[in-house]
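Per-chain numbering from 1; labels A, B, C and D assigned in written order.
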Amino acid sequence: MDLLEYQAKELFRQMGIPVLPSQRIDHPSDLKGLKIPYPIVLKSQVRVGGRGKAGGVRFVENTIDAVAAAQTIFHLPIMGEYPQVLLAEAKYASQQEFYLAVVLDRTIRKPVLLGSIRGGIDAEATLEHIQQVVVDSEFSPFYARRLTVKMGLKDKLIQSVSAIIEAMFKLFSEKDLDLVEINPLGISAKGEVMALDGKVIVNDEALGRHPELAELASKMSNTLPPYMNFVQLDDGNIALACNGMGLTMATLDLVRFAQGKVANFLNLGGELCHDVTPATICERIEKGLELITRDKKVNVVLVNFLCSTISCNLAASAIEHFFKQREESLQQRQLHFVARLVGREFDLAKEHLSALRIPLFQDLEQAVNRAVELAKKA
Amino acid sequence: MDLLEYQAKELFRQMGIPVLPSQRIDHPSDLKGLKIPYPIVLKSQVRVGGRGKAGGVRFVENTIDAVAAAQTIFHLPIMGEYPQVLLAEAKYASQQEFYLAVVLDRTIRKPVLLGSIRGGIDAEATLEHIQQVVVDSEFSPFYARRLTVKMGLKDKLIQSVSAIIEAMFKLFSEKDLDLVEINPLGISAKGEVMALDGKVIVNDEALGRHPELAELASKMSNTLPPYMNFVQLDDGNIALACNGMGLTMATLDLVRFAQGKVANFLNLGGELCHDVTPATICERIEKGLELITRDKKVNVVLVNFLCSTISCNLAASAIEHFFKQREESLQQRQLHFVARLVGREFDLAKEHLSALRIPLFQDLEQAVNRAVELAKKA
Amino acid sequence: MNLKADSKVLIQGIMQPLGTTHAALMKAYGTNIVAGVSPGSGGQTLHEIPVFDLVEQALWHVGAVDASVIFEPPYLVLDAALEAIAAGIRQIAIITEGIPPLDMVRLVRSAETTDTLLLGPNCPGIIIPGKILLGTHPAEFYTPGSVGLISRSSTLTYEIARELTQAGLGQSLGVGLGSDAIMGSSFPQWLQILDEDDKTEVIVLVGEIGGACEEAAARYIAEAIDKPVIAYIAGYHAPKGKTLGHAGAIISSQVADLGADVGTAESKIAAFREAKIPVAERPSEIPELVKKILKKSAHKKK
Amino acid sequence: MNLKADSKVLIQGIMQPLGTTHAALMKAYGTNIVAGVSPGSGGQTLHEIPVFDLVEQALWHVGAVDASVIFEPPYLVLDAALEAIAAGIRQIAIITEGIPPLDMVRLVRSAETTDTLLLGPNCPGIIIPGKILLGTHPAEFYTPGSVGLISRSSTLTYEIARELTQAGLGQSLGVGLGSDAIMGSSFPQWLQILDEDDKTEVIVLVGEIGGACEEAAARYIAEAIDKPVIAYIAGYHAPKGKTLGHAGAIISSQVADLGADVGTAESKIAAFREAKIPVAERPSEIPELVKKILKKSAHKKK
C-alpha cells in the first residue's frame, strides 16, 4: 500500500528525518487558518506519479491565490485520481537535490540502499547516476556511509546524508516497508539536508503488526485481503475466478488463446492461510463471484477451482448458494456460468450444478472453450 | 543506575507488561486525590532491598489510615535510605508468584533469561528453583518459551509468561539495561499475569543514547562520570587518588600492607576516553583532590599518577593549582600531600612540588611508606 | 535434499487449522510424522501424533528429525523456523502464506549460515509420489514416475501434475518454491537436486510472471544442468504494469527498476528459448513435450 | 595473533583527540601505520598518514591491512568494528572506553562468526617491545625481552612493565584485555598465544577483582599452558560488596549471583594457588618471582 506524501512525511518526522513545516489541507477554506508563512507550495496528495507536470503542484504568495490554487488542484485529476487532501508546505532553497531509497532486492534477498546525486523529477538523470549498496548482514551505519561515498559525497555531507539513510533504514525495518524513498533530498547552500518529497510503500502482509499503519490503510479504498487479486480490464465480457495466481494466469492465457475477451479476473487466493477452513473457502468463492459480476459488461463467468482442501461438491454448493440468492437478477442479465472443478466428489458437484444448468468440466481447456463459445453468442 | 520501582513499572507499562493501577505519592496529602479504589498498598520507593521486612510496605483500607501510613513510611529509613516518593498501588490476589529476570552473563558474553516458579521475598526458595536459558544468537521468542518449559509451566501459562519475558528482553535490549527483573510476577486464579514488583538497572555507559533514562538519572545524586569511582570507607585518615582501577587497587593494597588506614579512595579514570586531552586530565586531578579532601578525617593525601598522555610536570602543575587555591585551609587542617608520578619530565615536576613541600617519588612503595608514616604521626 | 520414505518429520503449528488438516493428509499418505509442536498444547495428541510445547522437547522424546513442516500463523513463522534451526533441523518447509518479507530476509540469513535447506513460504511443499508428502500437494493428482516438477505456484503445480498423471507420466518429485517475493530456496537449488536425483529423467519447470528468477533459472540450466528441462510460464496475457500476486508485492521504485521488461512472460520465455529449453504454451502441451524428450533419450540410450 | 614489526596497521577514529595523540606515538614507535579512517575527513593527512572516509576506501588505496586500532567515540565503536570486519580485517583492538555492553555482545557474535581476534574495549592494546605498538602502552616503560605480560588493566599494566624493565627483565609482549564487563578476548586466548610464542619464556598475568575470568584463567593454565605463569591480583583490600570499576557495572541480581565469593581477590588467589601458580602480593615482588622461575628453567635447560 502506497502512503500519501503527507503520511510519509509524518513517518519521516517521527524518525528525525528533517521535513519542512507543513499543514494538511482538507478543504480550500483550511488555508485561512494556515500557520506557515507565505510563500508556500500546495501539493496534490495522490498516489500516482507525475503530479508536477500535470499541474498538481503550485507555488503561491498569499491566501487569495492559495485558496484559488487549492480549488483548482482539488478539481484536477492526476492519472484519473482526484486528491482528497492537499499539503501546504514552506518553500526551500536547494542548491543540490539527491535521490535516496531503501528497497528489498528479491533476487539476492537482501535490502539495498540506493542513491543518486541527481534527484528530482528527471528520472533519467537520476538513473544515470544511481549507486547501490547491498546490506549483506544486520544493518550498521557503515553501509549508509558506503553509499554516500559511492555517490561521490565529501566532508560533512557524508555524515549528514548517512544519518538520513540510517533513519530511512530504521523506518524500513521497524515498519516492515516495501519502499522508503526521498526524492528529492534538498541540500541547502549551508549543506543542510531536507526531505522535500517522500514515498513510503507499506507491506500489506505486515500491516497486522503495525496498527498505526493499518489505520492509515483502513482509510484507503482497497478492501481485498492481500492473498486475493482482482484486475479489471478495459474490454471483454468474460469474468474469471480461479484459485491461485499461477492458475489464474494460466486460465487467462487459455481464454485469450481461444480468442475470448476477458472483462476482469480474480484470484480467489490459494489455500495456505494458516487459519483456512472449508467455510472460509466457500465464503471466498461467493464474495469473489459477487465482485466479478458487478461489471455489467460481463456475460460469462468462468470458475476454475482446483479443490484440494475442500471437495468439488462443497465448491459447487458455494456457487449454488451465490447463484440461488441472485437467480432473478442473473437471469435478467442473461449471465452464463461455466465451472471447472477437479478433486473429490466431482459427480456430486455435477449433479448440483446441472440442476442450475451450469455446465461443469473436469478438463480445463473444454471449460475454457465452452465459456468463449457462450461469450461469442452473447 | 538502579531505577525506583515506580520508574521501572512505567517502563513495563510502555512495553505492554501488565502492571497494577498505581499512583505516585510525593507527599502524604497526595493521598486525598487518590484515583485508585481502596484497599491499596503503599510502598517505600528506595533502591535498597528488604523494605518489606523493614516496614516499608503497608496495606491500608481508607484515606485516614493511608495518610498515617504514608507519614510513617516517609520517615522510615531503609538501610539508611529515606524514600522521596511512595507508590500507592491496587491490591492483587496472586495464586502463584514467579521470578523472572534478564541479565548479561559476562563470562559467556551473552544475555541470559532467568526464571523460578518460586518468586517473592524468599530468595532461597527462588534460587532453589531457578532455571536459565542462554540467548545464543539474536533473540527470538522461542528462547522465552524454553525458559517457561524449563520452569515447568504448562498450557496457557507457557504463552502468557513467554510474552512477558519477550517484552522484558525487548526492554533490556532497546534501553541497554544491565538488569530487568520482575519479582514477583503474580499469577491469578484465572491464569492472568501481573508484574507486582520490578527492578531495572540502567547501564550508565549507554545513558547518552537514552535521553529519557538520562533524565531520570539526572535526578539522582551520583554526579561522578562512569569512568571514575569514589569509595568512602568507615575509618582511616589516608585519602588515595590514582588513575586506573587496577592501579588504585594495587595502591590501596600497598597502603594496607604498610599498616596504613584508608579514609577513602578515588580512581581518577584511565586515559582511554575518546575525547581525552591534557586539559581534561588536569581537570580530573583537581576535581578528584577536591572530592577526597572533603572528608575531615583525612590527614594525608597520596596521589599515584602514572603519566602516559600527559607529562609528570603537567600532572604536578594540576596538583599545584589545586594546592595554591586552597593553601590556607589545607594548612589549617594540617593536610599532608605525598605524590608519586612516573613518566616524562619527572625532574621538572619535582622542582614544582618541592616548592610546595610535597614529597615526590618515582618508586611506588617509597611513596606509600612515606604517606603511612605521615598518617601515623598525625 | 535428503528425504526418504521413512524420513522422520516434525510438524510445527500442528494445532492450527491448516496444520491439523494437512497433518492428517500427510499421515494418510504414509509420511512418518513423529511429532507435532504447538506452544501451549504440549501433552496432547492429534491424529495419534504427540504434540509438544517446544521443538527441543519434541526432539528429546523422538530423537533427531529429518525435516520440519511449518503451518504456524505468519507472524510466528520466523520464530518457529529459527527454533527449528537452533534445534539442529536442516530441512524446513514453510507452508503458511502472508509472511512479511523482512522476516524472510532474517530467516534466509540464518539458513545460509547454518546450511539449512529452506523451502517456501507460501508453498505447497514437497511430494515424492508414493513415498513421502511434506506439505499440501493433493495426493490424488500425483503418481510415481520420472518427471521432476518444480514450480513457484501451488494450484498450478497440482494442475500440471494432474496433466502429467493423466497422460501416464509419473513424477519423481514435485516441489513448489512459493511465489512470495523472498523465497527460502530458488530454482537453481532444486534444479541441482533433480539433476543429481537418480529417479528423475526430465525436469518440468513451471514459472510465474514477476521477479527475475525464471530468467536466472534459464541461465543456470544452460550452464549447469545436464538433464533435459522443459518450461511453462503462465501469464503470457497478463496485463502489463499491474503487480499481481505476492510476487508483485515488493516492487522497486521506478528508478530502481533495472529494465522494465524483466518479469514479463515474454522476458522469461525469451530467456528459456535462448537457453534452448522448450517452452509449453499451455498445460496440456507439457505432457507432449515430455514424451517427445523421453522418446529421444530412450533412442539415445539404444 | 599475527603481528610483526612491519605489519600494516589501520587507525579508525584517527581524528578523535585520543586517536590523534596515539597515532603519533604509535608511529614514533615505528609501527607501520598505513592509513587512518575518520568519516567526513577523507582526503586529509595526519602525521603523514592518509585519512579516508571508509575502511573499504582505505584498503583500495593501501591494500589489505593486518590490524585495525579503534579510537572512535563509544557509540560509534560497534559500527567501526563491524565495518572493519566486513572489509576483511581479522585483528582489531578497541581502545575507547565507555562502550555499552550490549554493543559488545553483538560485536563478539560477529567476531566469533568471522574468526576475528578482538581486543578490548577500554584497553591499552598490544605492544611487542622494539617492534610494534597497537594502542596506548607508554613506550618508555617497556623493553624487549622474554616476559609475556597479560593484564585486564591499563595503568597497572604499565606499572608492572616498568617494574620488570627496571629489574632488567624485558617483555616479549604486553597486552591489556580491558576491564569491561564484556571483553572482546579472554585470558585463555592470550595465554595460548603466549604459550605458542617463541620469544616468551614466562608469563605474567595481572588480574583485577570482579568477574570470574581470573578463576577461569587459573583452571585453563593448569590444563593447557606449558610455560611457567605467575599471577598478581590487585584489590586484596578492596571493600567487599561494592562494585568497582567498569567490571562492576554488570551485576547479576542477587538471585542470579552464583556464589557471592566469586570475583574477590581471595577467590582469584585461591584459584591460582590451586593451579600451583605463584602469586605475587605486590608489584615489586613480580620481578623476583620471574627471576626465580627463569633461573629454574635455565637450570633445567642445562
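Here is the rule we go by: a contact is a pair of C-beta atoms (placed from the backbone, for glycine too) under 8 Å apart; a residue touches a chain by one contact, two chains touch by 3 or more.
Note that the structure is a prediction, hence the values are computed from the model and not measured.
Among the other chains, B has the CA centre that is most remote from the centre of subunit C. Of the two interfaces, B-D and B-C, the higher number of touching C-beta pairs belongs to B-D.
Between the CA-based centres of subunit C and subunit D the separation comes to 51 Å, rounded to the whole angstrom. Here the CA centre of subunit B is 27 Å from the CA centre of subunit D. Subunit B and subunit C, compared by their mean Cα positions, are separated by 55 Å. Counting partner chains per residue, subunit A has residues 137-138 touching two or more of them.
Shared interface positions of subunit C, i.e. residues touching 2 or more other chains, are not present.
Interchain contacts close the chains into one ring where each touches exactly two others, per the touch definition above. Applying the touch definition to every pair of chains gives A-C, A-D, B-C, B-D.
Here subunit B touches subunit C in the complex through residues 136-138, 140-142, 145-146, 149, 154-156, 158-159, 162, going by the rule given at the top. By the touch criterion stated above, subunit D contacts subunit B in their complex at residues 13, 16-19, 21, 71-75, 95-102, 104-105, 108-109, 122-124, 136, 138, 140-141, 151-159, 162, 179, 181-183, 206, 208-209, 211-213, 216, 234-239, 242, 244-247, 249-256, 281-284. Within the complex formed with subunit D, the residues of subunit B that make contact are 49, 99, 101, 103-107, 109-112, 114, 116, 123, 126-127, 130, 137, 173, 176, 178-179, 181, 183, 199, 201, 203-206, 208-209, 226-227, 229, 231, 233, 242-247, 249-250, 252-257, 262, 267, 270-277, 306-309, 342-344, 364-365. Across the complex, subunit C meets subunit B through its residues 39-43, 53-57, 78-80, 82-83, 86, 106, 110.
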